[in-house]
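Order of writing sets the chain letters: A, B, C and D. Residues in each chain are counted from 1.
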Amino acid sequence: MQTEALLHTPKAASEPILAVENLKAYYTTKAFGIDRDIRAVDDISLTIAKGEIYGVAGESSSGKTSLIKTIVGAIRPPLHVVGGSVCFNFEGQAYNIYDLGPDELQTIRWRHLSYIMQGSMNVLNPVRRIKHSFFDFAFAHMGLDRATFWDKVREHLRRLDLDPGVLDSYPHQLSGGMRQRTTIALATVCTPEFIVADEPTTALDVIVQRDVLTMLRDIQRDLGSSFLFVTHDMSVHATVSDRIGIVYAGRLVEEADTPTLFRGARHPYTQHLVASLPKIGDATRRASLSGRPPSLADPPAGCRFHPRCPLAMDICSKQVPPLNPLAPRHRVACFAVSGATS
Amino acid sequence: MFTIVRDLIRYNIEFAIGLLILLLLIGAVVLSFFSPYPAADIYVVPPDMPPDAEFWLGTTSRGQDTFWQLMIGLRNTLGFGVGVAFLSRILSLVVGLTAGYAGGRTDRVLMAINDSIMVIPQFPILVLFYFVLKDNMNWLMLVLILSALGWSYDARLIRSIAMSLRTRPFTMQSVYSGMSMRKILVEEHLPYVMPIVFATTMNNMIWSIGMEITLSVLGFTDVDTPTMGQMIYWANSHSALISGIWWWVAAPVGAIVILFVGLFLLSMSMNEYIDPRSRLNRMGN
Amino acid sequence: MTAYLIFVARRFGQLLLVVFLGISATFFITHMTPVDPVAETISVITNFSKADPEAIELMRKTLTELYGLQGNVFEQYISFWSRLLRGDLGPSLSAFPTPVSQIIFRALPWTVGLMISATLISFLIGNALGALAGYYRKSRILKIVSLGLIGLQPIPYYILAFILLILFGFVWPVLPIAGGYEMNADLTLSFSLVLDIIRHSILPALALVLVGAGSWLTGMRALTSNIVTEDYVTFAELGGVGSTRILRSYVVRNALVPQLTGLAMSLGAIFNGTVITEIVFGYPGIGTLLIDAVHAGDYSLVLGLASLSIVGVAIAVFLIDILSPLLDPRIKAE
Amino acid sequence: MSLLLDIDHVGKTFLQGGLLSRRSIEAVKDISLQIEVERPEILSVVGESGSGKSTLAAMVLGQQLPTRGRVLFDGVDVASIRSRADRCAFMAKVQPVLQNPFEAFNPLKRVDRYLFATAANFMTANGKPTRQEIEARVDRVLVEVGLTLAEVRGRFPHELSGGQLQRTAIARALIPEPRLLVADEPVSMVDASLRMSIVNLFGALRDRLGLSIIYITHDLATAYYISDRIIIMRKGEVVERGDARTVLDNPQHPYSIALKNAVLTPDFA
């Protein structure tokens, strides 16, 4: 069984480029004397292999955005790390994000670790031409003279099917799709080893979305980079991700290779997510879940899904189910699946 | 409302100090009604006495007790600020909410007038008023004039909020619930602008009292209603500083600075409470 | 480009509207009151010398003509405008028969010079400190400096100027506290004259800067802490762009557009402050002239000063207004 | 055959810019569309951003007036509505369902306020309704969408889930007993786990109440799942229309084909 898994995904054999261990990050707000902890990232462990596209799926306010912010070290108060570690491995050297000083962090950014934000209007400085952004972001990291630098940038844009003329445009002059493709070009111009993409296609139209996803896959193939890909849209994950982790209320509840997850999800929440996806050509009735996602400020005890869970047992409201390996590369946090042993 | 004030006092030191100053001033206003001397009477006490146990803040060259003059002056000055703030708030609410909600031509016309009033320099206009009105220029008249000049900046603020409220989906929900425009403005939108109204009240008072003081110091107001500015005016006209009657000048100047710092602390803490985002960036259309 | 022309055209329309409303207001303020300027003037003149009734009658006729007070209100309104457009503001009464326009233009450079230099200094200082205070939120020095400037901001121009006057006139007399230059100065252009003028302008300018800088500081600080949370700043930080570059090219650059709009909108208030400060320090500008005119009962000079202030400020607002979008490519293009 | 909604060669042109460079943008170009009284249906209007689908919805709701053609509702031209009474009569028959349930109610006010206001303003057939009549009606529509008045009464929006809020909003729209709901992207902001419950509710309302629903969406999959008819719009024009399943199973127009091909389908079976 192990050999079979290895055969299907040879990437798993190589050493991880990212190891997240028991990561906890809370929003602590002290507004007018009321202290509140919002446990946005609660004890999450995961590893990502070199060249892998790891998808993080979850609904709104499930903590997935906080998770990636914590992973790339982009947290600002009131969000802060309470425990755990985030360790990258670039060119054989380990970088523990929360042990690095700001200068060291600066040096690995963009060169090794880059970030693609949501496809919103506002990612590029609205009052300056796009070439200035390329210069600010990449010039210092590439260590080239100006002429060679601009040649490299133009070559990179052409490789991504973008007209180098975009460099002389202002962001508002580009369409939403173009802007997102330019942002992706900007994020990949230094050929980073690890790219985090946060809902990169959410605001885009379907046809543009398809182009952007194709572009991301091409980049991954060309550069061999690893991706941490976050979106709420399961069909995007189905198209892009090699492996998916499902986040519910700040916790990882299931993790598996994409085909496994869509064919044989075991956590009731994942099963529901997969089953409720409507498809063209299939008009059979889709059920919906009752209840609402829990508030992260006051989550239910035990398994956070138990109030909505069709399989809920006594123990679910008392103990937190551990994320147990069910098969190689398939972990589930559910007592109904792994048995009630703790 | 009460809990907001309580939380602000407890956790916002600026608000607490501001409120304390305001309460002291209100105390002074109450006290002023117990003044042993009528405000306008002169030579009721020995003139030019320095501060001592009998005359806490000394006496003026006109034979008035500085302390009681100050209390009465504070009353009139504060009353003036409250009057202008009240009237101009009403104007700015009506104009701001209507322009923001109605949009289109109504908005353009109202804002063209609004912007004109905003940039017209007020001081020459006020001097002109005094110049033609002379003795007819009284306290009430000045309240009306300053109210008419002092609403435009805040109307623009309120409008910018009203404009974003108009596009909020709940406004459409209200429209399709069959609510009238008046009901939507008063019940759905007004609560969102009230914090701004409170904060701008303080700024408006700072502005109007400042104007009043300036005009009185120059002698361009009704000389018979004693105010803070009036005290400085009389002190100046008796060359109080040169003849060493410093308390006559120091008392009103000190009171004014305390008054303004108090008002400003209140406005600042309220602004912070409402939204740390800037007011200016909402204004540039 | 066309979008910008439309913008300029619209602002020009606004300029015309301000001038129209403001001038009309001054006209109606002066004409809708029971006070008869001609009678007022005559009473001022006859205060000094007894005149025979015939002379008074002649004076009345001449003054009525000079002030454009013949005919009904509407005719007067028309003639008021036509004289104003010709730049004819009538003769001054207190300095008869010097034209009002000539007196005003003598005072104007002082006011304009003081206002421009004080505004520039306070705008630059306020915005620079505001941006730094908003970006480096933990710095204690910045906090103290901002607190000081912000604390001065609510104090009325008159009172602050007055306090400076007391401090530097009585407590520590190192700077001239009155006038624009030494009384018996040689008014030919020389280095010492320039130095003298600068020395005299320090206190009035200081009053204006101390009050003005605080408001730019608060505005800029709020804008900065707002812009810092924008996606493009977060993105630049994640991109490893240096913090000085982020502050300059990303934060301040984006905050300048609203700050310039704010400058245009507060020019009227700044002008008020300048005029009031001039009065305290007896600076030979518009403000002092205005007060003197009021005390002298100089009807045409007061009216001329009020009208000119409105036109002048409106034009300045217009100029800043049409410049500010040049910093914002979103308006230029399309 | 009488028509509930008759969109008759409707076009909408927006003017942009001012005096010097007036530029017109044709958001909707010559669209005709009918819904019959006797045959309630869910009609999906599908398109990408800039296709004019939201402008079309706004014209059906009478929020924007067409610059060409007419929108007739029950034979009445929507453009002829002037007085407040006419407007209320129109709103009693056509109601909107908003996009974002979290934004659909004033966060400072209790949710039931809108339910009661709607009932008080529209149940005027027999004079002013009594408190009891109002509560009975509100409870009935809430039951219709799977809630009860007890669950909603006195609640603020933040106390309800996105699904509950969207149901409450739909219940409110049902109070005047409208004939048509116009739902502009009603599920795009709702989490996946709750999305299908709203879509299923539309089907139930059509079947139980005989209500027609115009479902504006960019999501072909839910359109396929729930709608009877579909029109596919692009740059203000209808490129393809017909029975929803037929069109989406076998699109004819190149744009419809491209659109369908761009839809990501998880297929691991």
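As a working rule, contacts are C-beta pairs under 8 Å (C-beta built on N, C-alpha and C of every residue); 3 or more make two chains touch, one makes a residue touch a chain.
None of these values were measured; they are calculated from a predicted model.
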Between B-C and A-C, more contacting C-beta pairs sit at B-C
Taking each chain's centre as the mean of its C-alpha atoms, which one lies nearest the mean of all protein C-alpha atoms here? B
Based only on mean CA positions, could you tell me how far chain B sits from chain C in angstrom? 22
Determine the centre-to-centre distance between chain A and chain B, using the mean Cα coordinates as centres, and give it in whole Å. 53
With centres defined as the mean C-alpha position, give me the chain A-chain C separation in Å. 55
Approximately how many whole Å separate the CA-defined centres of chain A and chain D? 34
Residues within chain A bordering two or more other chains: none
Shared-contact residues (touching 2 or more other chains) in chain C: 257
Flag every residue of chain A that touches chain C in the complex, lowest number first. 72, 74, 106-107, 109-111, 114-115, 117-118, 120, 122-128, 132-133, 136-138, 140-141, 170, 172-173, 183, 186
Interface residues, chain C side, partner chain B - complex: 14, 17-18, 21-22, 25-26, 29-30, 33-35, 150-151, 153-159, 162-163, 166, 170, 219, 222-223, 225-226, 255, 257-259, 261-262, 264-265, 267-269, 271-272, 275-276, 279, 290-291, 294, 299, 302-303, 305-306, 309-310, 313-314, 317
Residue numbers on chain D that touch chain B, as the complex places them: 84, 88, 91, 95-96, 98-100, 103-109, 114, 117-118, 120-122, 169, 172-173
Complex contact set, residues of chain B against chain D: 168-170, 172-180, 187-188, 191-192
What part of chain A is in contact with chain D in the complex they form? 59-60, 176, 205-207, 209-210, 213, 232-239, 258-259, 262-263, 269, 272-274, 276-281, 283, 285-289, 291-293
